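Presented sequentially are two complexes of chain A, the first with chain B as partner and the second with chain C.
Our next item is the complex of A and B:
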């Protein structure tokens, strides 16, 4: 994929092109990493037809108030549990809609990711391995956007929403290079600067593009094999495609009943847009829902956040299923960590990475599976401990990407998932 | 209620004793003879301290609620408690036996209060209702609605604060979004409603969530004014990172009269009248640590003592100038000297 590499990650055409150029150049010049940096060294990885939605609960949601409640324990807090469509499995009472849809959902309750500082933990979970000084790894979503890309698509391969500013992350492209940067939507859910300059008619705009293409083709023939020219052309193709796809970002195009079903919260709007993008064959969409860092007033904040998540996530699952998209779309609910068993003096929960939960549904996932277990108070993993690398390997495997496949970073073969990662097969079909 | 001649001096007040209980206590009451403190909270159990013992210590009875206990009232030898288990219990503290239990709300019971004539018990819950009960038999007499179930941004709201006027004619209730309703007890009708906007922070830009709300309410001695407590504008809604704040309102005119705010970063969960019946005492906690706030209701800023831990409720014994408080870590007793005086008149204990 070739996409915006500008520092602001905005879709202003000039900065878009400049960024693309910079991205291409960086691909050939990254220290020790050659042109083949983004190429697999073993059998082609590319999967067709699979797509991914990442839902990032920024700040660290509480497993106690969602997937792994401990009612009646000192650590459990005041929320009760409710039964689910999986016999014997209960979730927090704040998730009645999810409870009735567990046949679609798998939960890993036994993550021990150790790292409990926001930035480092977010890197760890997003990349699937500890950072290394010697090599800049791409995030899982970036790898997937490359491997799940639709050939010749005019749409971006990765769209990332992070409209709140706290803990905002821009997916790391790492050694894959800036041409794999996602389209970032940070100020609104519609890309900026997609409209032609004021006063320019559509006809004139097309004429300009025709002239640019003519000159570009002539130049390309003279400079056969130029990666940079191919990059320019691809970039223009993408931006033209995005301009033609502007309607995708307009939720007014959705029937009112559908918009109302998703609700008016920003998270609801973004999930509806995610579904529209998935339907239009964008391979990877990431939505960040902030901000779950409930050091104080944990129960009041989760009472606000979890019902919104419960409602919107359930509508999204239903909508994807009704449109026949859930089978081919992996929906991942992630966070940088969970929250402490201990309830602090300000009725809050602090950062906790030793025993927490994630959930997933859709492509490759054996819905209705609960993997792993924590102890009675949720202080430690009791069974089925998994780490960030295991989770990454499982995510890749779910959409049919072999996590042992390798990229070649200079002279170094780099497996997609860390060498010792274990796929959690129990939750996969 | 008779004014006390020697008001508490905020500069002289100090922690006299604390009685540790693991976790957080929310409900606080004192027995009618003033000898025993009762507290309950996170573990659903009844904790008590015999203040007249040579070495007072905490006694814990078995849990008497199935969830957090949020609020207490002492009446005629019986402890009445509201809980997140949706129930109100009448409990004989001597035996621990529950003598009456009612399902009070379809949601957490957040606060209960007794009218001065002890005929009516009032409760608020997360069904956003204000319910009035016959305190003798537990029968519901009225159920008032007026608070919105959702905040202006569309998220679940909650009921946090409750007060009964000294003449028993009016009830005030406050919610998460800062809305306050004043009700006529005899008719069940709303007689005033206003929004104390500054107690609610919704951060759409950075974190897309809210914090705050009207956490404490208290009528003035003449019943004409209403004190509101909570937290001012919060810079980081991950926590109580805003100034502790009090306001006096002319509730009939829905007009704010005075603001008392201190830079100490805390939310004030509970507010009561001071010994002079003009000043306010509020407790809470937050990013700046625990807070015990004294405000004389003038332009002068409040004075802040820093108790051990985040406090949830406070009760004043005006006869010996003692403040009893509960919160994180258990009970605290505050006062100006270390020598407790004779038995206080229990009728002058301000109920929580």
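Our next item is the complex of A and C:
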């Protein structure tokens, strides 16, 4: 189904009429003024100071070997389960650290997202709705970086890592436009082009930029349509702050004990850097951890991947909590889909979107909540079915962004979350 | 010329208060551009708009070079143009640009963006478009070859790439065909009659799907199945089969099938061919969509805006111009060069960028003032390379191939030209700090810097730099300021490099104006 502002899409008719009836309709958030993306977002109080870390397990992690084990069943695989700090809830034995931190974590075990092809599923989960030919939607993280942006910040609103071979996806900025592009860390954990050209003094760098800005301003003063020059010059102004924040991307600045705690794996380093960025008030950070696409030897690969995830994720949660940042930081663990109940002839599990799990902690999350259920073999959702749009709406709601507020894309009012999305209130505070 | 356009012209001349001497003799029609200008001027009069003055010939020459060849002129080209004293030197230059090989090479990338949208950049498809422009194919021919071929030889085979990349999803195929070629977005009418646009009902959407639903294939081939229907369910209704129906509402009846279809033979009857036939009979949708996209490309905004929203509820901002151009285009064999020449030599394209003093600036939809347009990454990068170069650029195939190689590396680092253009810090960081940019300034291969450094003093350096990069002479105040700036730099060796960097990264170079 495509959204065009029709009442048939189960949205309140008045919200379709937009601003004219805003006084009557609480669902219209005048702060989120879409396409004219240059306009400032007037953040409601409750979303102020909120931040997000996305951990993207690229390729599709197995719910059986993590959050929704089925011990003793044909579909269950060889691992045992262990009890957690929530009475009655067990996780796979590969996650002992997470098991003892469940009071911080909520799990949704009942996702049915239908789409089980990598690219399309990754688009679906990351934009929170099916792709549409006529409208290029932004990724959830991009929307959040706009909505949670800190006014006059020198830092980027969104930093996205993807240094692993799988899940090399740049967040889609969609109709929000290029100035909402995240700072991409693709080659290393340090941004590209952050150092001035070799041999160029700071004075020279400034002096030539001042001249550039002066020439541009003079030129624009006489020109019709010169608003775009303002945006152009402001992009150049912003790089000063980025170049000054060089130290943020330098993990040597962390005490050795902290670095040891996160470990030297790329995932560990990225999570540590994410915490540094969160501490410096960057609103959105995304980390991708690849190699989960286990069509072969699912159990061997999960035996390697899950303990690393268990360790680093737990350290991150502890670190955020110790610094008083967990209250205001949502940590989301996502994949494009889960893996099949059926174990194939290569001892692998294939793509499976009909019944899988995600986990989250921190801002807005009611820790210790296990939402939804799958059947005995994990073949289908038994209770509390949710889709990608519901998940997106829940993510927005968790940090106080009204998922029903709208952007204006041309003539079309576009709600942040799909119009029929249902917030999973049970896992929210 | 149609009776309608004559009537318009006569009306204009009689009621527009023109002198009798300007009255045309019907036996010798006026050049089309005079008609177009007449329509523009009567619109501005009706709207009480005081249009901007004409920009200098040098300014529109640079503007047109960027639009039609995707780059700034070289110093030699600038000089040749400046020393030509003929009163119609701009018209002549446009004709020369359009008849050159470089136009086909570059403008194919513009057509590629128009047709393919976000899927643009396929080398085979681009090759097909370049060849088509070289052969002076009309837009109708390109449209037909993209949709139904024949894909019978190496030159035409890549035309099928458009369909090939959309085979998996008939909704995407339907939406993209309709948006790219007919300037209409009917995707909202998939679930229900369009809530905002009266014209588009579910019947239109599924009528278009019906033309395309049998299209299939894969792995480099596009085929059409002998069977398959577009089915949909109306609100509170039962599932039904949609007949083929073009956007005009014209329905196509499928002929009865022959009793014994030959096995494994492609179907003789093609629904896609019916779509092409309907569009060619109608002319209107095909013609106006292309006219509007070209106008948007050249003026930064469509006569109908947005370009995929051509419907009765969203009329053109200058209806007479839109209708006349669409008629003219269809009547003249969908000749792409003729259309471009008309637009580029028109009064609207020659506008200066400053509003006349005292008057409040007319809205962008009236095209009475030239507005800034960001260069595309291709235009910007090519222009930087050529402007910093050795003035030996003659657009030979070798030179183009060399530039193309660098474009592949550099283009993704720049902000794309979108409807709502936004600059990013990523581009600014790249231009300010990257090795790749520094390399372009490497004096060994950079002859502009070498030339400037050989000049005897800063004053001459400033004048030569502004001329080479901005295509105009500097003002006195500008020269004074920049000479002072150069003198004040502590690192005098690097000062010229930094001046050139500042000019290239400034708005006057980054935007077309």
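The working rule: the second predicted complex is superposed on the first by the 361 of 429 C-alpha atoms of A that agree within 3 Å, B and C clash if a C-alpha of one lies under 4 Å from a C-alpha of the other, contacts with A are read in each partner's own complex, and residues count from 1 in each chain.
The rule is simple: a residue touches a chain if its C-beta (ideal position, glycine included) is under 8 Å from a C-beta of that chain, and two chains touch if they have at least 3 such contacts.
These figures come from a predicted structure and were not determined experimentally.
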- prompt: Once the shared chain is lined up, is A:83 touching chain B (first), chain C (second), both, or neither of them?
  reply: neither
Task: May I ask you to decide whether A:308 touches chain B, chain C, both, or neither, giving the answer as first, second, both or neither?
output: first
Message: Contact-wise, after the overlay, does A:181 reach chain B, chain C, both or neither (first, second, both, neither)?
response: second
Message: With both complexes superposed on chain A, which partner does A:324 reach: first (chain B), second (chain C), both or neither?
response: neither
Message: Quick one: is A:290 in contact with chain B, with chain C, with both, or with neither? Answer first, second, both or neither.
response: first
Query: Where does A:212 make contact in the superposed view: on chain B (first), on chain C (second), on both, or on neither?
result: second
- prompt: Across the two complexes, what residues of chain A are contacted by chain B and by chain C?
  reply: none
Field: chain B residues within the chain A interface of the complex
entry: 22-24, 42-43, 67-68, 84, 108, 151, 153-156, 158, 176, 204-211, 213, 237-240, 267, 285-287, 290, 309-310, 327-329
Field: Complex interface listing, chain C residues touching chain A
entry: 52, 118, 171-172, 175-176, 179, 185, 187-188, 190-192, 194-196, 235, 300, 306, 308-309, 353-355, 361, 364, 369-374, 415-416, 418, 420-430, 432-435, 437-438, 485, 489-491, 494, 498-499, 501-503, 505-508, 510-511, 513
Query: So in the complex, which bits of chain A are touching chain B?
result: 59, 74, 78, 80, 163-166, 263-267, 289-291, 293-297, 300-301, 303-305, 307-308, 343-348
Field: Interfacial residue positions of chain A with respect to chain C in the complex
entry: 1-2, 4-9, 16, 35-38, 132-134, 136, 156, 175, 177-181, 183-184, 191-198, 200-201, 203-205, 207-209, 211-212, 215-216, 219-220, 222-226, 228-229, 231-236, 238-239, 242-243, 410-412
